[in-house]
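Each chain carries a letter (A, B, C and D) given by its place in the written order, and its residues are counted from 1.
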């Protein structure tokens, strides 16, 4: 049986990545592509790398007939997303890739995003889309909220360790290095090639990055107490990839064993042998996440490093993985593409 | 039915690219990986981006039992390749990715490669592997010679035009821009990141590049007369991609019509609408080739530009396409992966 | 004696490059920086790499008192430039870096830039700023028009050869590879890092690039007859640099000898030994231009390749070189900085 | 008065960078260039970006007559450096850029470098070359040991803070991001462009990087007690630059005030206004170091970030700054070049 799929926000990077992945999916068909600003164009004009595919033309969202749609991906900016989703047919399954439904608490949403939430009822209903930790809820969900790409990377390191109590929850530092596609296709001076290439810098330093809202919510829930990490993202001149370096208090042996056990059966999360560390180049373009554990020379301190592709496992790949669960498909359908290297 | 596949030279980029592509092939299984210098290692150690795959370990070529192998890819350096292939079982189907069997004339081989050919009998038997122009011969072949990546790009522009007589065969200039992976994983100072990035230059200027041997052979055959093009490759600081800019004498309308007709049924060769030109970023990691035609302001002169991925359509993708034909599989099996952008 | 300098358009790349170069100049002082859109800011905010310099703040152009200014660089967009310069004090020396005064013929200007020229009187007065060929005129000039960066690179190859009659003026093909800073600091989707990096493509194909107006004007003047070249620029994922590959009809020996003789006394133009070719990485950040000559395998055909930095020798370095002449300073003052490699 | 300068190890990146900087120095002349493996070549062949300079040819070190040399830079690999320097004339001033004389304790040297020191007497005599903290000793020194580039970056953050007691010496984490030129011009597979570009990873994780020997020695000395930091370097796909992100325990106000006061008179060390952070792109190719301080959302925790160019302020620029002191020249002679951006 083939599922009919709609993608709203098809002219952004995560929209295009969804199309790339679904193109190899055995039982999904793209039935509608919404992209208000580029409505009237073909997808191959907006993203020439997809020109070989037989795709519907881009249309305004209000022109889409959702009657025959089985599942809708929403890859719109936050705030727009909550308005659009609130107007969709009630029974339609939705995977949202924006930030709009990640935070359960309307107050937390307002704190981090600066405006009251326009669809607090939906916010309550949404399931947090970190697949490996919310599988059953996702299977049963109507609305799944894709996680932040940085938040996903950090949680893959931290959740099992906090749950097992093998690290000190008050002493967690996460230093992230992020490729530029995470900033999307937006026209900002600091995203120009001439500005970005051959240099690197930190941003949102000191605890102001919005993904901290997710970290606080999820890690506190896992630990059963308030957890506030330190988190500094850095922009790196490369297109794809997040490398998260976590500085932790705990024994490397216990940490490695906990992660290895937690992810033993996971198709996409690979814990490397003790002492080995990952590189973003080895997961580029794929849904895999590599995690490495190394003991520091100082007793009781451990470094854990995780690498994933922000556009795939960090957003569109995760979204497809969740959609597979919601549609009772194989969880890895369309997602086993090997990384592209070099 | 699943075909058992061996890859010799699995520790190079084209070997790894074959593994990446075959991993999604519905009816091929990798049964043996030969890599003399890295024998004893796992593929995931040599290429961590492939660590999620269940692959045989790397062994020395002489350790491989070819009895159960249906087809062997040979991704070894030239000269080594002819020796290794000469020693393989006579009946084994072979797709060679080296330069060793591209030239039919032993004299031409010696001219361009500086040594006499060690397997001239095999040289006679080999079919030139430019799939779209040698399909029937490839289907029937035991030994197929993969083309040079630059030679493939140029021929996709020139063959139909010379065959149709719509360009002047004496006035062909091909200016190529090539990504660095075409040079392989070899330890040369000029391939270091610090040397290469943020700069670009021409090499093998003046008609000394070995792929000219192929151009001379193939284009003369197509034109039915001696054809000698001008050809200058340039090294560009990017990993994958060849962009070939051809300066031709002929009418743009006739040229576009000829190319569009020639490739109308081809799954991988896409002729863009008149006036549009391709970019390497839109075919990266895929088996597609995009071709654009533009009339120059000077009457009777036309620019044709083609883009393909040197590791995919330029070598390993082409090799798999040919193997599909030799094994009576769908020609596009394992090859419809969309390009990775950004 | 220290000359007081004003720079209009200081918030663009060529403005910043002027500041970088003038910072090491022994007898120039920056007295005013005009930048309408960023007026009120410090230069170190707009360009943090210049924060160590003691510079005047950015102001609106109309706020500048030109009374004490000896020379004014105008690094504004075309069209704006002609309006601003027309309003400057009559006696003020001006070096314009825009396209506004490169073409002598108002009709040609309208053809290539799509609007009538607003200051045709100034257009007549302006001297074309290709230093090595207009030295005496520049020394005496009040208004010097900086050349296009592509046009400069091509002319360094072609002018001496056309003047000496050693190449066929009807058979000139120029294939250019340009770094991204040539497009300026403008917010265009195709200039984003995620769009540009790891890919390359041609643009303005077929003879539509505006620098052809300059080529036509200057090369026809040198040759004493109408000359129309073929010219295709390509955008390369690197910040700085133009590499021009010229395909010419003529003997390599005569071509090399002509160029070597023409540039024997030039401080910035270096003709490499026969057979050697240049790389953009070896002139990055400097005012040098390297030129190489190679004979093609086909009799009577020669490839000449030139490399320069579009922001330095291609615009701001050239502008400073011209200013030095206009102010009777050493021509190389502030310009002997070595390239930065790697 | 012009000082005669010799550079040993002129064929590496730090050797070339010394030549680039000295080329603009008002009172230094390069009299000899030693490079054993490339002896007999011209510098312009080995480094074409320096071809415009009038330089002596490369010779074997034993061919150099040190009689007329005022100061010798030694840019050789460690171990080679100690042997070569031990054989130089006793009275010759030497600035060593290798790791050989950074550690005062022969035991520490053996621990971190794996072999006994071959010139322990010289080791005692050498002055640690972190200019701003050893000025007087450097002025009087015969042998100055250049610091590690990572060690310099970290110490610029940490020394004033430890000296002032405003941070907890037991809780220092330093996460570094380094460009590739820091690894030198060595032929290693992981330094190839195709391997490195578009990816990033940590190395020497867990406290194994040799620069920790320097950190331990110097920070313990400053603090007056044992200090052991955590330090993880990461390799970033860019040519130049180190960005050090320090996670510290202490109040941001006190930390900023301490750094601002410590560096108030320093020509090359710039402390940014509170809350601002640096980027490597704004110090590229220069001797400047930018330092930013930001309070974390968690009370009592502060992030300090420093950026410098590993080849300039991190090695060759520092070496020239020290040589200026040793020769009683202006400390900033040859070093005020502005960064190159973009």
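Quick note on the criterion: a residue touches a chain if its C-beta (ideal position, glycine included) is under 8 Å from a C-beta of that chain, and two chains touch if they have at least 3 such contacts.
None of the values given here were measured: they were computed from a predicted structure.
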For subunit B and subunit D, the touch-path distance in steps comes out at 1
Of B-C and A-B, the pair joined by more C-beta contact pairs is B-C
Taking each chain's mean CA coordinate, subunit A and subunit C are separated, in whole Å, by 45
Expressed in whole Å, how far the mean CA point of subunit A lies from that of subunit B is 36
Distance in whole angstrom between the CA centres of subunit B and subunit C is 39
Residues of subunit B that touch at least two other chains are 13, 181, 194-195, 197-198, 237-240, 278-279, 281-282, 284, 342
In the complex, subunit B touches subunit C at residues 173, 175, 177, 194-195, 197-203, 205-208, 212, 228, 230, 232, 234, 236-241, 243, 245, 247, 275, 277-282, 284, 292, 294-298, 301, 303, 305, 307, 342
The residues of subunit B that touch subunit A in their complex are 13, 16, 19-20, 23-24, 47-53, 181, 197-198, 239-240, 270, 278-279, 281-286, 288, 290, 311, 336-342
Listed in rising order, subunit B residues that touch subunit D in their complex are 13, 180-181, 183, 185, 187-189, 191-198, 237-239
